[in-house]
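As structure tokens, here come the structures.
The two complexes that follow have chain A in common; it is paired with chain B in the first and with chain C in the second.
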Partner chain A sequence: MAAFGSFALLIALALAAYNLFAGVIALRLIATGQSARISPERLADTARRAGIAGFVAVTAAAFALVWSVFNNDFSITYIMEHSNRALPAPYKFAALWSGQEGSLLLWAWLLGAYGFVLRLLHKTDVKLYAYAGTILAGVQLFFLSVVNFAAPPFSLLKGALPDDGNGLNPLLQYPEMVIHPPMLYLGYVGFTIPFAFALGALMMRYPGEKWIRITRGWTMVTWLFLTMGIFLGMHWAYAVLGWGGYWGWDPVENASFMPWLTGTAFLHSVMMQERKGMMKSWNVWLIFSTFILSILGTLLTRGGLVSSVHAFAQSSIGDWFVAFLVIVLAVCIFTYILQRSHLKSEQRLESLVSRESSFLFNNLVLLAACFVILWGTLFPILSEYVQGTKVTVGPPFYNRVAIPIGLFLLFLTGVGPLLPWRSTSLRAIRRNFVVPSIALWATVIVCLAVGARPWKDGVFDTGNFYALVAFGLSAGVFTAILSEFLRGAGVIARQTRRNLFSAMYLLTRRNTRRYGGYIIHIGVVIVVVGLAGAAFNRSQESELGLNSTMAIGPYTLKCVGFTQDSNLNYDSEYALLDIYQNGKKQFQMTPEKRVYLASQQPQTMVAIHSVLSWDLYVVYEGTNPDTGQPIIKAFLNPLVSWIWAGVVFMVIGTFVALVPSLVPATASLRVPASLGAPTEPALRGGD
Partner chain B sequence: MTDLQGVLAGAMMALALGVYTFWPENAFASQREKTRLDYLLERKEQLYENLRDLNFEYRAGKYPEEDFVAQRALLEDETAQLLAEIEHLQQA
Partner chain C sequence: MGAADAGARFNNLSHRLMCTCGCAQLLGECNHVGCTESGRERNELSAAIATGATDQQILASFAAKYGVTALAAPPTHGFSLVAWIAPLAVFAAALLGTILLVRQWSVGKAQATAQASSPEMDALREKVRRETGSGTDGGF
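Up next is the complex of A and B:
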């Protein structure tokens, strides 16, 4: 299978090269109107078909690798290093992306899959899709060159064939790891599509903004995958790493968060371009930046430039990514300079208090957050370059800057939908902001009444203060969104004599994009409430002998036994803990520690009991070598389940936004006779 | 699968994909160039949508009367100019 896999990758590389070069020649011939022996349209079609065929070839290579993993072909170095005979089937499948070579093959396969769909849909707009498909082929050519020459997944093991492999990294032997990386990759890779459309539209001076409507679905699906990938990663970190948290500002986490921030900014500001023909250059650079940040993230973590919990994926492919980044940046800058006259705004910002300005502020805040994270992530590299020593910035740096930025963003989430387009009068502000403001301040007062204390014994407690602000703002934003739903549904209920719920459903169907977006915002609010709960985390560590107890919050943990187990993949020891609340036994928890046989690496398996108000999170830390007593660490983490619930809302909201809206009744407007023939164009743009 | 079998399977796949890519077919998709009129018609749809949104938000109680009248007048003026150019291009 190794020979077949390598051959398939070479075929895919050749097809990607043909797709790129034939596509470029065909588009050049079409643009200049030159004739050739073969018609440019025919040449462009062979390029498109080469893209489809390339996907088949990459699929064959990916299949060959998975097949070899399942058949324990340890003659392939990658499989020897990332699998073993006793590895359960789902994790054998996950071995495809557990190492450098495999994950790059997955990247190429996903890019091929996206390209396959794009090329099948080419009749939507033949020329634009031809440009996008050719740009996509350029990106694919890079990834296939890396997997063919720099990180080949089918390279053969030298020397004697081992009986068994080294096994999969224990950190990756967790159910989320079967879906988290593909989700994240779908997000990273998927941003290539809006990038290709934006660059293509700019290259061909696409008349109008229809290309945005064409790519909207792609961008939203990609954003959804990246969102899910990030949150699945958070849940994995929470359940596997055993430190009680879900986000540690690790460079890999940052690498996934930065394109998410710029992608989110793009999803918002692109509405301005669609509705009013504004912010065209800004949007183009947002989507360029999103793609570039996806590649930069890969360079940072896989090129070995910064250290991370994902260090298992490091290798020497950094130079390839640097070269690719330089080429991408050069192409973007060159195209922008050449075509910038095409990106002139059709209208100007009329007021600083308007929906447009709220989008602009939202974008600035998201970019500020992105810049802070980029600065913190690059700081070790910059400090080493300037001072000669690597200085790493930790969570306190990010929290100090990112939390206020995040809270301001939450504030804008509530304010934006309440502001009208163009400009806002004081009366409109009073009319729309009274109820959300009451909800905000009522929540703050309730929180203070039930014990939130930003100032404790004369000392300012930052965490407590931010949590209080987050709860207040969340209530205000939630009320603002709810009032949007209720007011809209009220109009429909009056017009159609429906009940409020039915009217709300119809309202959402009539404008799925807007109301789907609001559901996503509700999800964001719920996530923020969950994140704010971290200000009240508690933990307790104790040696726990048989029948001894420890207390945390409302729970008492009683140790009723310790036991050991083993299977073909790992040995484990775990504690049996009965959990009491108000003197009554409620449930049992079994925190565990495993040692994987193939790799001889230990791994903690955290026990988590999750309810709406908090998580009881218990870690078996091993035994004290002096006393032989097991050490148990328990955390009480308030509101964590709200984070995962919020993500569900975000996913539902995105699906709603992806559904086409019901076609509204046609409006009509007569041209006043006095206008006559226009003396100058009604609108700029569209040239 | 031996190396030879793998290479043979790869060669067959290469042949099949090559035939698919270069199969002589003249029924490929093409499209006419977009004109300014196409662009203006797209913008007209967007402006109508903006007008519908404005009306709906007014009925939902988001705008005071005078704000609504002013906004509507601006949008209608913009749309009327656009329609005038569309009409002019269609007659030309």
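Up next is the complex of A and C:
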């Protein structure tokens, strides 16, 4: 199978090279109108077919690797290092992306899969898709070169064949690790498609805005995958790393967050281009930046530039990625300079207080957040270069710099939908902002009354202050979005005699983009509430002998036993804890500590009891070597489940936004002036 | 500033220091099984708090002993100060630039539309919108 896999990768490389060079020649011939022995259209089509065949070849290589893992072929170094006989089947599958070579092969395969879909849809716009397919082939050529020459997944083990492999890193033996990396990679890799369309459209001086609609659709899908990937990673960190948190501003986390921020900025500013023909250069560079940041993220993760708890695979492929980044940047700059006259804005902003302006500020804030994260991630390298000493840029830096920016962004999330396009009057602003402002201040007062105060023990506490601001803003933004829904749905309900929920459904179906977007914003608000809860986290650590107890928040933890278990993969120790509330037993928790047999690496398995108001999070830290007593650490983390609930809203909202809108029946649904028109005539589908 | 009592100070300071074992976690949150550094460093931190040293003195002593990488955030002096200033400077410059740009556009637009705005032109625009169906597929 190793030979088959290697051969398939070489074939894929040759096909990608043909796709690129034949594509370039064909497009050049078409652009210049030159004649050739073969018609350029036919040559372009052979390039497209080579791209499809390339996907089949990469699929064969990926299949060969998975087959080898499942058949315990330890003659392949990669399999020996990342799997073992007793590894459960789902994790054997996950071994495909648990190491450097496998994850690069996964990248190439996903890129091939995206390219396959793109090439099948080429009749949408043959020329634009030919450009995009050729650019995609260039990216694919790079990744296939890396897996063929720098990080080959099928290299054979030297020396005697071992009976068993080293096994999978214990941190990766968790259900989410079977879906988190593919989701994240679907996000990273997927941004190649908008990049290819944007670069292609710029190269060919694409007339009109159709390309931006195609690009927007692909970006939304990719953004959805990246969003899910990031949050699955957060949940994995929360459930596996055992420190009670989900986001540590680790370089690898940052690497996934940066393209998400620029992708989000693009999804907002693209509306300016579609509706007003504005911000064309800006949008092109947002797409370029998003792709470049995705590659940079891979460089950070895989190239060993920065140290991280998440970087499971590092090697010397950094040079390849640096070279690729330089080439990509050079191509982008060169193409932009050559074709920038094609990107002139057709209109300009009319007012500082308008929907357009709020998008502009939204972009500014998203990019500022991206800059802060990039700066913080790269500053240790810069400081080492300048002063010879590497400084640490950890959570205190990001909390101080990025959180205020995030809160400003949250504020804009609420303000944007309340502002109409073009310009507005002071009276309209006052009318739209009254209810959200009341909700904001009422929430602040309630929070202060129930004890969520920005000071602790008489000392001002920045974390609590930010949490209070976040709660207040979240209430304001939620009210603003809800009022937009209710205003539109109320009119439909009156006009069509439907109930409010049915009217809301119809309203959403009539303009899925706008109301899908609002649902995503509601999800963001819910996530922010969950994140703000972290300011009130509590923890307690105690040695817990048999029948002894510890208390945290409303819970009392009573140790009722310890037990051990074994299977072919690991040995484990459990603590059996009965959890009491108000003197009554509620449930049992079993935090666990494992030792994986193949790698002899220990790993904690956290026990989590999650309710809407908080998570009880219990870690069995092992036994005190002096006393022999087990050590239990318990956390009470408020509102964590809101984060995961918010993501569900974001996913639903994205799906809604991807569904085509119903054709609006504007004539029958005119809003009487006396009813108070919505900020925008929502019933008409968004204008 | 230090917090009111030793427990709060320990919590605060342990989240401003890194565990030096290479796990890239905050000292107060490092819990990986078999860590050879965090337990000892936490004891050192508790002892330092008990001696009555100020927060700055404790952070400086950790930086002197373990290197500046033991601090979870860049110091606010020397070249490291750039880490703090650059984001604020870039954000402020971008904000100012955006406001000025929008204002400039607004003024230019007002002058340009003053002549082009007439009932005839408005009627013509409305007709174009109706016939091309523009504005029916907007964003949120």
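Simple rule for what comes next: the second predicted complex is superposed on the first by the 659 of 687 C-alpha atoms of A that agree within 3 Å, B and C clash if a C-alpha of one lies under 4 Å from a C-alpha of the other, contacts with A are read in each partner's own complex, and residues count from 1 in each chain.
By definition in this document, contacts are C-beta pairs under 8 Å (C-beta built on N, C-alpha and C of every residue); 3 or more make two chains touch, one makes a residue touch a chain.
Not measured: the values here are computed from a predicted model.
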- Scan A:Glu274 for contacts with chain B and chain C and give back first, second, both or neither. both
- Please work out whether A:Pro591 is in contact with chain B alone, chain C alone, both, or neither, and reply first, second, both or neither. neither
- Touch check for A:Gly622: first (chain B), second (chain C), both, or neither? second
- Item | Touched partner set for A:Arg487, first chain B, second chain C, both or neither | first
- Partner chain in contact with A:Thr46 - chain B first, chain C second, else both or neither: first
- Query: Thinking of the overlay built on chain A, is A:Lys210 touched by chain B (first), by chain C (second), by both, or by neither?
  - Reply: first
- Message: Looking at A:Arg427 after the superposition, I want to know if it touches chain B, chain C, both of them or none. Which is it: first, second, both, neither?
- Response: first
- Query: Can you pull the chain A residues that chain B and chain C both touch?
  - Reply: 274-275, 664, 666, 685-687
- Task: State the interface residues of chain A toward chain C in the complex, per the touch definition above.
- Result: 241-245, 248, 250, 270-271, 274-275, 307-309, 348-352, 357, 360-361, 364, 367-368, 371-372, 375-376, 379, 383, 386-387, 389-397, 400-401, 405, 417, 456-459, 511, 513-518, 593, 602-604, 619, 621-622, 633, 661, 664, 666, 680, 684-687
- Along chain B, where are the residues that touch chain A in the complex? 1-7, 9-11, 13-14, 17-18, 20-23, 25-26, 28-31, 34-36, 38-40, 42-43, 46, 48-54, 56-57, 59-64, 66-67, 71, 74, 76, 78-85, 87-88
- Please give the residue numbers of chain C that touch chain A in the complex, ascending. 1, 3-5, 8, 15-16, 18, 22-26, 29-34, 67-75, 78-80, 83-84, 86-88, 90-91, 94-95, 98-99, 102-103, 105-106, 108-110, 113, 134-140
- Query: For the complex, which residues does chain A have touching chain B?
  - Reply: 1-5, 7-8, 10-11, 15, 18, 41-42, 44-46, 49-50, 52-53, 56-57, 60, 122-123, 125-127, 206-210, 274-275, 277, 418, 420-422, 424-425, 427-428, 431-432, 487-488, 490-491, 664, 666-667, 669, 671-672, 675-678, 681-683, 685-687
